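Labels A, B and C are assigned to the chains in the order they are written; within every chain, residues are numbered from 1.
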Amino acid sequence: MDQRTKTESHYLFKSCTAGSIYPGIELSTQYVLDALKLNWVNDPRQSSCTGSGVHLGVVPMETNMALNARNLSLAGETDSEIICICPMSYTNLKHCQKLISKDNKLENNYKKIMDEIGLIYDIKPDVYHVSDLFLKHEDEIVEKTCEFSSNIKVATHHGCHYSKFFFKDVSSGTFEHPTVLDEILVSVGFEVVGYDEQFLCCGGGLHRYMADKEYSKNTFKEKFISLAKVKPDFIVTQCPGCTFNIDYLQENVLEELKMENSIPVLNIAELLALLLGAQPETIGLDMHAVDLEPLLKKLGLRRGNK
Amino acid sequence: MKPGIFICCCGDNISGKIDLEKLKRSVSEDVKFIDETPYLCSNEGMEHIIAKIKSEKPEGIVIAACSPKMHEKRFRRCAERADLNQYMMDVANIREQCAWVNKDSNPTVRAIDIVNSSINAVRNSIGLKKVQLPITKSALMVGGGISGITAALSLAKHGIRVYLVEKSASIGGNMVKIGKVFSADTLSEECAMCSLGPLISEVGENPNIEVITNAEVSGLSGHMGKYSVKIQTDPEMINGEKCTSCGICSEICNIDVLDEFNFNLTFRNAAYKPFPGALPSSYSIDSNACIKCGKCVEACPADAINLESVPKNIELNVGAIVLATGYSELNPEQIEEFGYKKIEGVITQMELARILAVNGPTSGKLISPLTGKKPKSIVMIQCVGSRDRKPGSIPQCSTICCMTALKHSNYIINHSKGTDIYICYTDMRTLGTYENYYFETQKKGEKSLRFIRGKVAQVKKVNNEKLLARVEDTLGGGVTDIEADMIVLSSALLPSDTISSVQEATGVGLTEEKFVKEKNSKMDPTQTTIPGIFVSGTAKGAMDITESINMSRSAASRVSEMLTQEFIEIEPKFPVLNQGECNQCLKCLEQCPSNAIYLDECVEVDPVACTGCGYCVAQCERQALSLPLYSDQVIQARIDGVLKMGNPSILTFLDEKIAYTAADSMGSNRLNYPKDVRIIKIPSILRLEVKHLLYGFNKGAKGIFLGDGTANASDKIMEEKLTKKVQELIDGVSAEGIDPSRIYYYQANLPHYKGLANKLKEFSSLLEKID
Amino acid sequence: MGTNYKISEKRFVRRITLDGRDESLKDLRFKKSGFKKCIQCGRCTGSCPTTVIHKEFNPRDMMRRFMFEDIHSDHVNEIIWKCGQCYSCRARCPRNCKAGLGVIALQHKSYEDGKAPKNIVEIGEKIRSNLYSKGETITPESYYLNLKEEFGKKTAERCSDNPTKREKLGFKSDDAREIPIPEDALDEVRYLMRLTGFKETNDGSEN
């Protein structure tokens, strides 16, 4: 455990997809948290939320609940609220929390099970997505942001697992049109452009791609056509899985649609880390499928200028 | 004093279970006489009671029979008729709460305790009188739509003076805006103004009605029969008496304001008359928009304009109030998937009504705002914001929009050849004879009207020229994108904004959606949560014009029933204040959950508003307040009576409305519950004090169960007070060294009898563990 | 079929018999899909990205099948795998149902019964063994696909070096975590997995 004090503390819930494909998203998140001088916990004992398995039907609900009761209790032990890198973890943790705490029988069962592994059962911690936290600290982010070129147009995509399952808990906008990312982007100085298929799924993450390529490719194609129409300079995502899909599926879709220009993709954590002074290599921006160099040039970040 | 006892056999409902001889023997020394009758509630039974009282002249009586919920009122009348004060009588519930309890091996034991409790209560009662309050014979109508107009006319014809207060510049409400109304009899659309106009003039001509426009209710005091209402009006810049309605002011004014009469589709001037035929017919100046340039002042030939006038406060004295504040259409902007206000060409049914109206923005020509031309294809989306549990929507059906869609379709089929219509619906709700209208519309629409069963998921715009509604044709057509150049949202009916200020001023209870709540919508419609205040029309919930008219007449009849009495009679269930002891600390006033205590020259209790909960009694440190029906003496006497035989009992205090009813239902459903339970009816747990509980424990009670259902009120106040009270009782009792787990509290939100039985059992077994 | 339906061979009539219904799926997610509240309005279908790709699958139809326990046929077993788990159906449902949640309950049943499609079984085994051996579902290995074949030439060129790059960033080549889960914590995870029906063993294979 890194830190434990009485001030508000955040339990960073890491993502398998980010860690596997974009370790930079995790590093960026850490970078932003540090830059904002927030108290956070990096607990290696955390397990996967099992979402990738659950949403393919290969992990039983009982395992989902047991492992997440454990994850929640680990956060409970550190007296922190949970901030998830991946919207799928966000939904899975919240869902298990809700199912268990609303049902006495389940609650007693998981109390007993946590006892068996020597953990104090406490599944109460609040669960957020990291972007909720970024939005909350919007003002500090604006204050610390390096200068960059104006007139840059951004389109956003919010993860379905962030806005659609727990539709009441979207921290800005509505489930139909969440504006968590939009709000952050506008206040740091981008122009956010809307597009028709805001609501549409991006096609899912790596696990979805492997399970049903047809779904991933077709859905992404529809989304991309709508995105390309408004010609954004880049796309900002909230979810490592969406980042993967929008990033990796572009080459084929461009070819199919006989289109020239790819649109770079950044996860909100990566973008904010950049704006707060991180060097692109240290947050793994060179691991993206769509080349980010042109965008970085266009951004023209002047580090330390503010 | 020794009361006389009447025991009812109730066929053998009671005598078959309870050993009446034993019962009589064990209570015999405390009573003047004991009488046994097969059916006390029969007419013969009642006459028998009267004769017996007259001959034996007891000072009080106990009626051991079924629940007081059944015949208490009738028994009280018997007592009065026999010249015995009706409050010198108590009903011992030995049927529901004794004979009918399942698997009770010895109900006689319980019956004896119950009767003893009643005997003791009567011995400690004092004769009380009902109070009579004078009545102000006039009524206030809030809202001047079809509902307010109907009710006002009806009351005026009964000779009651009516003040009709309307927020906007004219009465008429939504009905003047909708253009056409459907008729299920003639299967046609009729002109709304043609039906409403005559009523509006009738209001203007009736000397018993005073119309006050541009006005809102700002305060209320008093009680049923005698209210004093504060009304605030907008500044009256044009003097209605002088104005000749020539309209010159409006011609000269060049301030543009969105015209609410046309649902903001057009503009009007700051000096305006809402519509031809408005009442009052004089012009008004919109004080929010006027820049006081003074042009109209100069122009007015009648010298009627004074821009410096200020808001007026009026005070009205009325005996009753009817809330007819009406509805407004839900703004579907927040249901973003339909693109309202973002995508040109998406409008609501109300806006379509204006477009189709001859006096509307397009003079009745059907024109799509998207293309500026006659639409080729219209999609109507039903249940927008209704029947939906998402934030911003309401769960109810708005009841009129299916018919509205049909009405508009019918009209368009008749008047706009070449326009196709698709109605996408979840269910078509055309009840009763309205089904004929549906059928007729289908027939007429053979060429151009189609129904698709499915709730539209989203609306998109394609290349600035057409709209696309995506819907699943659930009856087999699959996912369908319908091209259209006009989309009409059948948006939900919400209560109008006015209701919030009315609620603030009157404290009337509202539903979650802010419709006015009826206290008992099944058996006592139009009665709100406050006595003397009624509701009618769409202020209560979605309904069509006919239903509004019905309801308004019903509310008017309730009001005239009340106002044509000589006086209002109130049961003496409210607290009495000994003014000599009161030092005006106002604790009772602050704490009363019903705001029934007020300060005039001295502290007063409003007998109408008081629910008789008894909370104030314990609040008064100088013991100036007492609740005669449930005085300390009576409560202690009941405890004494119940425990007299020395049975180890669970004293069970239940509130008379909810929990006591639940207990009756446990009996009528023949449930079983612990044999030690002894029920004592009180107005609310709020009446209890630590001393009452201690008294019970000292006299040998093994546990005390508190059941209260009054917490389930519209606001959270009762719940908070109850929680506080229970904590206070528990703390007080444990401070005296009694194990607090001997007290059990059950918040009985509904008369849920199985729940109550389970809680009683649970408590009983908890007590067993302690002992 | 396992339900109280009979379909006559000769006449196209579904008969609902007096035999009473089968007990429905035990999986909590099935019930929590909310099919009992569904009014078959089709808003979910109109919002579902799958329906426009796979015309046999639509969430409203799934909900109808849930209501009538028409969930055991080969056809159902085939279409359930089309759902993309985006929960658009849930977001717009006027009754707050979750068709997608019921679908995974069916998927899981199918997987347990060995009826899942081959590729799902393959991914499933991988994910489950990752979970058992590392406490993760997706690992860097899951991503080592034939990049060129899957995503195209340029992507392959840019990303084939990613395993080295991740190590430079301080991440292990075979673990999603910067700091792998400690052995004792992993034992807890495994204990919970076995307790909830997993039969995997310590070396990651199923026994």
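The criterion applied here is as follows: a residue touches a chain if its C-beta (ideal position, glycine included) is under 8 Å from a C-beta of that chain, and two chains touch if they have at least 3 such contacts.
Since the structure is predicted, the reported quantities are computational estimates derived from the model, not experimental observations.
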* Just say which it is for the chain contacts: an open line, a closed ring, a star, complete, or other. => complete
* By C-alpha centroid distance to the whole-protein centroid, which chain wins? -> B
* Determine which two chains are connected by the greatest number of contacting C-beta pairs. => A-C
* Structure fact -> Distance between the CA centroids of subunit A and subunit B (whole Å) is 47
* Structure fact -> So, in whole Å, the Cα centroid of subunit A is separated from that of subunit C by 21
* Structure fact -> Residues in subunit A with touches to at least two other chains are numbered 167, 176, 199
* Structure fact -> Residues in subunit B with touches to at least two other chains are numbered 337, 390, 458
* To do: Any chance you could list the residues of subunit C touching two or more other chains?
  => 47, 92
* Asked: How about subunit B: which of its residues touch subunit C in the complex?
  -> 337, 383, 387-390, 393, 426-427, 453-458, 470-474, 478-479
* Asked: Hey, which residues of subunit A end up touching subunit C in the complex?
  -> 14-21, 23-24, 26-27, 42, 44-48, 50-63, 65-67, 70, 99, 113, 116-119, 160-161, 163-165, 167, 175-176, 199-201, 203-204, 206-208, 210-212, 214-216, 218-219, 222, 248-249, 251-252, 255, 282, 284, 286-289, 291
* Could you pull out which subunit A residues touch subunit B in their complex? => 167-168, 174, 176-177, 196, 199
* Asked: Can you list the residues on subunit C that touch subunit B in the complex?
  -> 39-47, 51-52, 55, 58, 60, 92, 94-96
* Asked: Mind pulling up the subunit B residues that touch subunit A in the complex?
  -> 334-337, 390-391, 458, 460
